[in-house]
Amino acid sequence: MIDAFTNLLRLVGSFFPPDLSAAYLRALLVPIAQTIGMAAAGMLIAFVLGVPLAVAIATRAPGHRLIVAVLSALRAIPDLTLAILAVVVVGLGPAAGIVALALFYSAMVGRVYGDLFAAADAAPLEALRATGASRIAIAVYGLIPLTLPDLLTFGTYAFECAMRASIIVGAVGGGGIGTELAGTLSTLDFHRTLTLLIVLVALVAAVDAFGMLARRDPRLVLLLLPLGLISLWLYRPQIFAFAHAVHTFATMFPPHLRASQIASLPLLIAQTLAIAVGGTVIGALLAFPASLVAARRIVPFAVAVAVRRVFDVARAIPELVFGLILIVTVGIGPLAGALALGLHSAGVLGKLYAESLENVPAAPIDALAATGARRLPIVAFGFLPLALGPLVVHTLFRLEWNVRAATVVGLIGAGGIGQALYQAQQLFFYQQMLAYVLVTWGLVALSDWFGERLRLRLGWNFVAA
Amino acid sequence: MIEISGVRVVYGPGAPPALDDVTLRIAAGECVALVGPSGSGKTTLLRSLNGTVAIAGGSIHVDGVEVAKLRGRALRRLRARLAMIAQQHDLVDRLTVVQNVMAGALGRWSTPHALRFLIAPTAAELAEASAALTAVGIPEKLRNRTNELSGGQRQRVAIARALVQHPTAILADEPIASLDPALGEQIVRLLCDLARERNLALLCSLHQIEVARRHFDRVVELVGGRVA
Amino acid sequence: MFSSRPISRRCVLASGAALVALSALPRRARAATALRVGMIPDAGATQISIDQKKPLRDYLAAKLGRDVDLVIPTNYNATVEALGNGSLDFAYLGGLTYVKAHAQYGVVPLVQRTSDREFHSLFITQTAAPINALKDIRGKKFAFGDINSTSGHLMPFYAMTQAGIDPDKDLSYRYTGNHPATAKAVESGAVDAGAIDESVYRAMLDGGQLDKSKMRIFFTTPPFLDYVWVARKDSAPADRTAFAGAFLSLHAPGDAAVLEILRGTSFVRANDGEYDLLRTIATKLKLL
């Protein structure tokens, strides 16, 4: 036990100090620009494609059911898999990352904005419709202004996700910080890994800060337009190998697995689910006690803010990056995968738990305080039972997300269906790969569906975690 | 025994005083109603008694102890002796009735005791809750979830919680504001009967002046933060 | 709704600065005419490592009379697909990857290091472990590198089957993804033993990244053919000749800097026929 602890300390110590030499920081300018560029260009495409789709869904245009089905299907494919497939079409480099991000986030923006539009106040829209306005006019004069605050909140969240995702697609050769991170880890150059983690956290914090500003003055969002366009130009694909891509994708059909592989599918699925459940449990166990000291109504302001900064750091580092670090340092296998998911989930859940605890009604808490109760009993008799609903829903949401994430960390050796997928791809067994993609898709779609049903039954639903 | 003399409360610089030179004495077993329009300072007065609102002048003594001087543990002890009852929204819905009632004991329980009670309440603790619920007339609701109760039942639970505090005084802030008149009067009668029976000081703010006259020993009217 | 407050000047300036910074980066326009050369990802790609490979890039650019972009993808599959769709002109591949890329996209072998013709893979364990020969790894936890690696997977796997061990039945094994991770997994005791590329292992020992006193080699595979530089199928013959010539004319001490990057001493021509043995093994192991 003590041995394990000293090993852990030595391990953490081996990342310090970060390499902050001028030469390295200068060398990082290109990867940083690539990462920002990938996220900006990918999101630009995602909004250009996603918003019209969302309008089509919300106004029940012909074929909107098909659009919803396709978008859900697309959302179920891990972004890492999309990135690798994108390499086939547009070659190596940031362009592949942009394509992957654009596809994944078009689907996300389309679905979520569709839901937001559908929930918009009906009366003004009816009035618009009564004037005989076209769908575009309804969107421009009705849907978008009506839901603008929600659009911005989710837009910022999506951009933050895209920034992290650009790290993920980078890790398979999309370029940028992700590629650099994978490189430093495989050469065991941990000082530079830490530098990159710091950069990553700073980038996500910057996006967060930008989002806050944009919510105050939505026109700031327009600044992303030139950034996205320039990135698109800089990182445009050198090739569009359509003929080649058609040929390559054709070799994936029909999907096929050997009998022995079919026999091992249940085990692989079980492993993936175990990683997802394990990660969620670890995340919840870490986040729960921490969130109590991150809620401003429970502890002094300074303490809460400090703990929240820790959550921010854990949130900024994607599961895949935790996974890459753990696999090199702790070892490989499902445990590393679950830990990776758990550490990131702890950051996400910690923040959400703390917010739920802060949002409980004041009267019962005041009543408990008025009995002269101590702090912890007030938490146990008041905050917890009052916040139980949101706490459970956030955890279920995370579990759903973690099923998808479990396939992604599988790609880097954590095991499960993701690892089988990656190995099939690496060995060019594309028919097998497609079979595993379909299984993954089914698994993620099933868990999304199941999660949605469960939340509806609990009477809780949110648009985004 | 509560002694309020010359109390003044100001929320923020430049604001008109919420309470101005309020003097009031409530003996054990005495029932005092506090009436007056909204914003006249009733809630502020009640909250200043248990130290939730800081006073800018004057003094408040509870059982001879000056409230303004208390901090930390001593303040918690004072609060444990002053039971607060608000409108019907101050119960924790997801807890059972027993748990809400016994929350009144939190002021005298240690933290481990409080946590242990949530997991494994003892027979003695259940008996105490049951006795308190019998005193407020709903012994059969012991095992219910709190969100299954009606408005009047919720106020009875809040009173039971107050009794479990073994208080020297009960401070009630508009306890019947959201109840229908007949039910409200029942609750007021219950409060006054319990206060007299157990020799507690009762200070209760109300809107219904006739109800106040019918049941209370004394009616004090606040207007613009001053005793009228 | 849109607020009436104007966008602050500071924001405009900041975004302007960001745009200038972005557009000042090396332009991709150049890449259209540059030759794109892919390195293998086995030792990890970092910006620093690309910068450190500048002498190689300059050397090739001078010999070929063209701009050269060095690209280090992070996985084998991406490298081969890039050769297939033309986003790489030349690439450095491991033996197994070459065999696959040749079968898939007809890539042409050009040159290889003399050492690549007699490559070994090492079976390593902890000094104190009771493992002294291949037969001792039965029932143990074992680490391979990348599934697509010749020295980290194919040849050691084959060596086991030659020794009468069926890895699928006789031991539990994992893929660490790369050679350094395999070494670390053995050093930390996460696995009982592992198979690793000999050049990476020695470089790690020399660089102090592995504790010499903890590690022991208990088996070395017979020599096999490994890494090779290839051209994509439809690259210009003149480029191929020039590229191969550039490597063949590398000699110490004049080209020491370039040779050090390539971790070699001299280069010879490679030809496809010699990879038949690898091909047979890969087919037998269902990796092809």
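To keep things simple, chains are lettered A, B and C as they appear, and every chain counts its residues starting from 1.
Please note the rule applied: contacts are C-beta pairs under 8 Å (C-beta built on N, C-alpha and C of every residue); 3 or more make two chains touch, one makes a residue touch a chain.
Remember, it's a predicted structure, so these values are computed and weren't measured experimentally.
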Of all other chains, the one whose Cα centre sits farthest from chain B: C
Per-chain Cα centre nearest the global Cα centre, belonging to chain: A
Two chains sharing the most contacts, counting C-beta pairs only: A-C
Separation of chain B from chain C, taking each centre as the mean of its C-alpha atoms, in whole Å: 76
Interchain centroid distance [CA atoms averaged], chain A/chain B, Å: 49
Chain A-chain C separation of Cα centroids, rounded to whole Å: 30
Chain A residues touching chain C - in the complex, by the definition given at the top: 23-24, 27-31, 33, 36-37, 84, 87-93, 145, 148, 171-173, 179-180, 182-189, 192, 213, 216-220, 223, 226-227, 230-231, 234-236, 238-239, 241, 244-245, 248, 327-333, 412-413, 419, 423, 425-428
Footprint of chain A on chain B - complex, ascending: 50, 52, 75-84, 86-87, 89-95, 99, 103-111, 114-115, 118, 158, 161, 165
Complex contact set, residues of chain A against chain B: 361, 363-364, 366-374, 376-378, 380-382, 385-386, 388
Residues of chain C that touch chain A when the two form their complex: 1-3, 5, 7, 11-12, 15, 18-19, 21-23, 25-28, 31-32, 36, 38, 41, 43-49, 51, 71-82, 84-88, 100, 104, 143, 146-148, 174-178, 180-181, 184-185, 188, 190-191, 209, 287
